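First the structure, which I've put down as structure tokens, then a few questions once you've had a look.
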Amino acid sequence: MSASMGTNSYGKDGIRLVLVRREPRRHELRDLTVGIRLAGDFDRVHTEGDNSAVLPTDTMRSTVYALAQEHLTGCIEDFGVAVARRLLSVTPAASTARVELVEHRWTRSSVAGALHAHAFESGSAERATASVTVDRGGQVDVHSGLDGLSLLKTTDSAFSGFLRDELTVLPETEDRILATEVAADWAHLPGHTPAYDVERAAARRALVETFASHRSRSVQHTLHAMGAALLAACPDAAEVHLRLPNKHHVAVDLQAVGLTNDRAVFVATDRPYGVIEGTVTRG
Amino acid sequence: MSASMGTNSYGKDGIRLVLVRREPRRHELRDLTVGIRLAGDFDRVHTEGDNSAVLPTDTMRSTVYALAQEHLTGCIEDFGVAVARRLLSVTPAASTARVELVEHRWTRSSVAGALHAHAFESGSAERATASVTVDRGGQVDVHSGLDGLSLLKTTDSAFSGFLRDELTVLPETEDRILATEVAADWAHLPGHTPAYDVERAAARRALVETFASHRSRSVQHTLHAMGAALLAACPDAAEVHLRLPNKHHVAVDLQAVGLTNDRAVFVATDRPYGVIEGTVTRG
Amino acid sequence: MSASMGTNSYGKDGIRLVLVRREPRRHELRDLTVGIRLAGDFDRVHTEGDNSAVLPTDTMRSTVYALAQEHLTGCIEDFGVAVARRLLSVTPAASTARVELVEHRWTRSSVAGALHAHAFESGSAERATASVTVDRGGQVDVHSGLDGLSLLKTTDSAFSGFLRDELTVLPETEDRILATEVAADWAHLPGHTPAYDVERAAARRALVETFASHRSRSVQHTLHAMGAALLAACPDAAEVHLRLPNKHHVAVDLQAVGLTNDRAVFVATDRPYGVIEGTVTRG
Amino acid sequence: MSASMGTNSYGKDGIRLVLVRREPRRHELRDLTVGIRLAGDFDRVHTEGDNSAVLPTDTMRSTVYALAQEHLTGCIEDFGVAVARRLLSVTPAASTARVELVEHRWTRSSVAGALHAHAFESGSAERATASVTVDRGGQVDVHSGLDGLSLLKTTDSAFSGFLRDELTVLPETEDRILATEVAADWAHLPGHTPAYDVERAAARRALVETFASHRSRSVQHTLHAMGAALLAACPDAAEVHLRLPNKHHVAVDLQAVGLTNDRAVFVATDRPYGVIEGTVTRG
């Protein structure tokens, strides 16, 4: 029996990069986790054990570190493009290079009311994300995003009028807690290269404000509203993919112990959880 | 600006099911985590907040539990088909139902040398997996798999003759530790419905034995050999996707402290790690 | 052979409580994870299987939910005291009840520049913590704390002049990155019952500002300074235990690839990591 | 205000060691995670920033690697003693050195029915553990243990006759699933130095067999029986500490959907969970 290679790729994940820029008056701090993937014609690597076309994943790691000082001066998207181009240029067999970037948030500490020159604090799970793909023809595809943003509203969320079968026991509700952890990823219109950080701030604001203000009939309903708001706020975005787990909060039955519970006491549950995902596009 | 829905789906993840079958002479134990996704025409749910087409994800959960006694009598693949068919039948708007199944491994405990009737032990991260998709036309697509299988060999693994650029510092090696955690997922030939558990055992054996015996020139090289062996051992499998992280083991430099280290003492590193993935197909 | 019980305790962990207070103008949100432990004379439970002295852990869970509306009106410490007293009062065999509380941080979302009445956002790993123990004599012991607070400074941290043996290869440094994730826990002077939330804010400020301003000779040196500052800022605290993992940042060697790296490019490493812990006391 | 140091210690966690012994006929593999703590008179390190007494934690790491070839030839306890003694000998300020060891389990792969010379497989969360403390007077205290061992029985477990208050809603049961993940840690009688690996195998067997065979009235009841059995099987053990989380399995209410569920279909829940821990001693 013969066996041949279908789609394949290889790379390095979990490259941790911290970059310090020591400006005269204060230090700037960047904290990234980077992943790399190359795809192309690597058939003989697999079938023959011929490594002559393979740039080691260790070199991908070195490339991220080597390019940081010169190219990580602005947004992660631009750094991703530089890394991807470099990897393509030194790997003839690769037809595409993809760079996945995650930026961890630090804020400058305050001391006696003033922002400190070189001390930072964090503790946040919210992260800026980007995915950059460059192909042999020079085509650049940039996705921007964010994840780890937890949102919760205590009212203005209903779920009723849904389809029922004989296994459906869920009661309808006009007033529940709605909670999620947003993962958003948006593609850009051909040829559009916005200031990605400015765009991300506008995107985040649209997501948060829409979640807060929307009178939700379902997570799907809110997803569409959030996606539409993001597209309105980000004119260079072509479409946005949202993944919104439904982090269920169940009102505790206190009647059994002689107490009332008018939407006050809830259990935050981990599993199972609803998963709602979809892409919102223009037009 | 108008915004419309692109691809979307919804469902439930993390449905934990334990099923006990109390046979006269001994109890049988099954332990699954199940995920569900429905996709189809749910546009008005998103854009209008009209829930009339939406089967609640809570009902998906109930469906898994309600069908377990009757349908989880054999392999997880068959149970997945039953759940998917049921969900499609009660949700007219859905065009496809997908069921993701993970089975956690328990082994029967021994007491005084004999297998016990109702006590089990575990501690294993290795799991059987399956993904079943059924569409409105009755088409059934079954993927089988396994994950969490850690493999390590202490020799017969080289990585040399690779591409170098000026950022490449990795030394060539003819003898390194090769370690990975296998995630395998195979599709079936049209119309083929093997005994999935028998097939999975054959697949596992092929993966383990090939990893052990293969003289590896690279992870890619081993990936192809493992995939080819799996296809040879599983005549109903059409192709197999393998994801093989390269869990690097770095020889410790003991020269600095006056000791030799001839491939004896290694650091097992977590991050960064190589990621090699690909699909091996017939022909 | 006879075997008897030594120290033992039992309880419930991972009790997730979300409490919403629906004030006329805006909603207040609390989000806690609670753990309970009872200890006392439970010997016959263990040796005889006599459960008559055992309050079920399910009742501990119910108690947390039942008391929330009336008693979770202020700081978590006061809620912990109420829960502990209740559990002691209904469990004659228990000599002490301990309640461990963790509060997850949410901040009110802004919409169009104004704080929203019922929408919140998070993503923070930083948490307020407390441990309350009440004994049969009515003695109340309250520990307050916080954890998940990541701090990093890019200079003003040295590590030199340390002990060396023939296995020591670490170079001395006068300027390194210092990074940690603070876990702090402070006990109170007998009879002192401060406003625990006000105290926690003062404690946090002392920790953050001291970390930022201190010219560190070692993590131990900074630990002492942080602890002393906390005690100075919190007059009701008797002593503070600090756990400060040393999250190593290693400068990347770029010489091998022909580049300089003057304390700019670092790898943030996960493992192994230093662990420094100690208690700072008054006087 | 003056502040002084109370109890303190420092060390290194997460030291990952893989050791390969290349015997002529087959390779032996060891896979450990090691943690170190030194305690003693380190006051001036904290208060003055005087590092002259501090052996760097980086050297602790080096020590683990440097001693592995010579001293990791048998059980992890003996290796721990060697590491602890070495660290004490080179650190005059330390009064005690503690070494925590965890061994990850690998099993030799089979190929064509024969055990392979150099290929291994894993996927197990069960681990052998040990904690070794050596003091300046040469006193050696060895604890042995294991963790990550999941046990489940489908019958012979009751929980009834317990204490009730007005918040107690839990129904009594004479037949439930009992599931736990064992963490066991046993101390040794003064002067006793058994073959620790042989002892651990006997301990494990006692734990597993007792869990299986015991007619459980509560987790506490089973904990005592397991502890007593371990002490009977391990004559050199002085006492054993057991931590047995109660991993609740809740029978699904299928009546609401018109089905019966006679102890067949269960939800395995994550949180909250019961925690039962205690020490069983001789006599």
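Chains: A, B, C and D, in written order; residue numbering restarts at 1 for each.
Rule of thumb we're sticking to: contacts are C-beta pairs under 8 Å (C-beta built on N, C-alpha and C of every residue); 3 or more make two chains touch, one makes a residue touch a chain.
Everything numeric in this text was worked out from a predicted model, so none of it was measured.
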Both-way neighbours, i.e. chains that touch chain D and touch chain B: A, C
Distance-maximising chain from chain B - centres being C-alpha averages: C
Superposing rotation of chain B relative to chain C, computed on C-alpha atoms, to nearest 5°: 180
Averaged-CA centre spacing for the pair chain C and chain B, given as whole angstrom: 37
Chain centre separation in whole Å, for chain C relative to chain A (CA means): 29
Gap in Å, rounded to a whole number, between the CA centres of chain D and chain C: 24
Junction residues of chain B - those touching two or more other chains: 16, 62, 66, 167, 169, 257, 270-271
Contacting residues of chain C [partner chain B, same complex]: 166-167, 169, 256-258, 270-271
Residue ranges of chain D in contact with chain B within the complex: 16-22, 27, 29, 31, 62, 65-66, 68-69, 106, 109-112, 116, 118-126, 148-156, 177, 181, 208-209, 211-213, 249, 252, 254, 257, 259, 261, 263-270
Interface residues, chain B side, partner chain A - complex: 1-16, 35, 37, 42, 45-59, 61-63, 66, 90-91, 159-165, 167-170, 216-221, 223-224, 227-228, 231-232, 239, 245-246, 270-283
